[in-house]
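Here come two complexes built around chain A, the first alongside chain B, the second alongside chain C.
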Partner chain A sequence: MNINVRILTKSVAQQYAFKRIVTFSTKPTQQAAAAAVPQQQEVTGPTVRKPIVPAHYRFVYPEFLPDPKVEWRNAVREKLERLDMLDRRRQIELPEFYVGSILAVTSSDPHAAGKTSRFVGICIHRERCGLRARFILRNVIDHQGIEVVYELYDPTIQKVEVLRLEKRLDDSLFYLRDALPEFSTFDENMEAEPLEEGAPVPINDIKVVLRPRPWLERWERQNLLGVANIEQYIKDKHRKSAEKVQKPWEKYDLMKQYRATIPEEEQKEIFAEVHTELHTLELQRKRNKRKRTFVKPKHLA
Partner chain B sequence: MAQLLLRNLTRAGNAALITKGTSSSITGAEPGSRQLHTTQACCEIRKLARLRVVDNSDLGKRAMAEGRPPRCIHVYNKRGVGLIGDKVLVAIKGQMKKGILVGLKQKQRIKQPQFDSNNLVLIDDNGSPLGTRIHVPIPTVLRTILKEKTLAKGADYTKVLAIASRYV
Partner chain C sequence: MNQADVSKLMSQLRIAVRPTKRNLKNPDGPEGRLLKLRKTVTALVKHERIELYYNRADEARGYAELLISNAIRHGDRHKATMELADYWLLEKQLVHKLFKVLVPRFENSNVSYTRMFKAPRDYPGMYYRKSVLELRGNPYPVLTPDNSQNRNLLHNVLLDEARKEFRREKLANLANKLAAETENATASTTATPAQAPVTETQTEQSKQAEEAPKA
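Take a look at the complex of A and B:
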């Protein structure tokens, strides 16, 4: 009897434990879900290939990942937004670009003479996610620094061209505002510089030269890699105060990192949802491009 | 206690200096006063904010060359903070002149350009500009805003658009 009871309780406990995990805990459920998904697929059809999401998708399509802030998460809204984003991507090509790439954005502008306006500039920042994803372009035109904020999924945007695809050493280039103007000056009639297919995105390790203080921000506190002459303008007191606000322990703070990112399992789930659609769109674009490049010599001849 | 006092002092200092810092990039303001800043410069166009003349009027060119940029002494709207296309009264080289704001440092709406300096075009009472050319780009929204502000018998601000060299 005793043994029976023990076995019973064990099995019951296991069942309950399983249920409990499913309802409350987050991580084991994801494991369970990950384990469950392939099983289902096997059941539905062994001929259907399992979508393999490329690892670089989280860099190419960062706006598909939701904001990791727990209070703002809402699975249904995120899903609906993803559908809307795909809908928009079917209409317009939104190419891969990074902070430091040079873009040309053509948008409809009711105020402009031709009802469209085109702005060329370097992307100095990318932020927000989902349909609210946006980026800032900066350029110096006629010795006047100009910045424009664009929303990536704005329906008034007609065309986004990447003129030069590259990365910089830092995650945001706000320091270009305090740099010499030649570092943010780009020709408006620049031709697109195509990269070879499959080549990794080059990192431009240019070091920017700052103007003397006063600056817009305390750049000496931000551990910037892309600035050449910060040391030239700061005094000992700035160095000391910069040291004081440093948080070297943060890179060991696993919990902080966890809260600031979407876990890998969840990323896989999200991209498994949109991967096939994105991939077909990519292929379509590539085919169209190849067609275009093939037609060009005919025009010349 | 001492810390608290210091904080209050710096706060008062900021309030006084806020307007001084608005156009630092162009004027390269006196280094002594700038060192007192503990907060970001206020980018709004209020009374006493310094501006940059971007047309080729003689008065404006001389004022900018001397390093004594015009100061806003009144904003002709109900809010007291100048937005793009607003008319302002400025003190420039001991005179009072009117001008139109054609570029702001302040945060702008999506798709509308934000400039690195607060730009001004000088006009007279009829709305016709004192200069003959604007040597920086101006936002395209001005075309709509200035047309709306021009009334049948009042000043004609659209003349400012005619001397623009480039739109952004």
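Take a look at the complex of A and C:
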């Protein structure tokens, strides 16, 4: 009852204190919100200082978030793994990249000519977390599709370069295996295409053309956005069976989503722990890059 | 070791969450399960306190909590949240209740939005455990017994002792005052025949005054 009284008095006070324009919404209008926000910041600014972790960190460093499966959680192991990951990141630069970006990975290879091998390809999948984080690169070399699985924190990796930083329409690009080879062919001597600083990562909305069936997977069931010609190869029976396995209710299954994610509070805690270190590393890398770009040209004649 | 889904951001629940879901036995599969839970969530938002089987209540509780927390987080101008509310609340007038009543009620709370109690089951009846699920801040009388009057609780013991002490002091004061008055009376009166009974009463009163602080 006390709570009700408090809420009532509060709401009554609010009604008489401010003229509220919008009566249909419980949230203030955008203008009012914009006006209210700086006031709050002024009040809380000097008293409470929190480490500012950028919101995009969870996309840039997804492997720092632990596996949401409760049975496999272990706070101590997760923390130790994060420390190891930071240690590794101090040794080599592991840049930001996404599924659909084009990477060049140089790794130690005892059987290669110079003991190192460099592989250029498009990242078609990212999986696992912590020290086990890994990604798959795909390229077509001499008319042969090649895929290499790299572990991100593998000590044999010597260099990871992002040649083209972009995203695709889908979360994983396994359908490139069934696409025409030109869609996964990338030049080995391709040069890096730098993005402007602070620019958002572009989304490449290219639509891939598939080969005729048989395919490795039933692509028609996966609601792919980046494929142009699925309809061309499927019959009515495929369409029907695809419809049957759809799960339109899953986007409303809140607990399923909750069990697949790490809650925001926990994410904040994790990134607050690693943020300063990652940020200094980023700054260091930027400084080094600038140094490298301003090398004086030698005498030409 | 799967990667956490980063496309969605959810606030942490203030209730214990089971690592896996219960299937809730349904011929229509997962969709039918969700329909069952939708009915429960709708009833919870409508009546604010419901009695039902434990398993179903426990499953529905998480959904109700997340629905409210999403409503608080995004407000009623967020399309996806409105769709969620539309899906989960089968009676559409309850969408208004969610955004206009429950959101202001729980906006500043730092405990869970719902409470769950184990309820007794009738004997002989169905084997399943029963429970009561309710929203916090509901208008009904509380279900938990009020133990604040238990005389064995430490603060009650201390209060009792303090009360006793206070009473003792008061009595002692009273007795002292009376004794003083009688002494004054004896000093002022010089009549001899009345002296014998007065001394008796005086001694009695002084004895009482000595005993009072001991008791």
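The definition used in the following text is that the second predicted complex is superposed on the first by the 246 of 301 C-alpha atoms of A that agree within 3 Å, B and C clash if a C-alpha of one lies under 4 Å from a C-alpha of the other, contacts with A are read in each partner's own complex, and residues count from 1 in each chain.
Heads up, the rule we're going with is that contacts are C-beta pairs under 8 Å (C-beta built on N, C-alpha and C of every residue); 3 or more make two chains touch, one makes a residue touch a chain.
Note that the structure is predicted; figures quoted are calculated from it, not measured.
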Which of chain B and chain C A:Y252 touches, first, second, both or neither: second
Partner chain in contact with A:N189 - chain B first, chain C second, else both or neither: neither
Contacts of A:Q91 with chain B and chain C, given as first, second, both or neither: neither
First, second, both or neither for A:L216, with chain B first and chain C second: first
Which of chain B and chain C A:Q232 touches, first, second, both or neither: neither
Which of chain B and chain C A:P62 touches, first, second, both or neither: second
Of chain B and chain C, the chain that contacts the larger number of chain A residues: C
Shared chain A surface residues [contacts with chain B and with chain C]: none
Touching residues on chain A, where the partner in the complex is chain B: 107, 109-113, 117, 119, 134, 141-151, 154, 156, 177, 214, 216
Touching residues (chain side chain B, partner chain A) in the complex: 21, 24, 34-35, 37, 40, 54, 103, 108, 110-117, 119, 135-137, 139-144, 165-168
Complex contact set, residues of chain C against chain A: 1-6, 8-13, 17, 19-21, 30-31, 34, 59, 62-63, 66-67, 70, 75-77, 83-84, 87-88, 99-100, 103-105, 136-137, 139
Chain C-touching residues of chain A, taken from the complex the two chains share: 3-4, 7, 11, 25-27, 58-59, 62-63, 65-72, 126-130, 132-133, 247, 249, 252-267
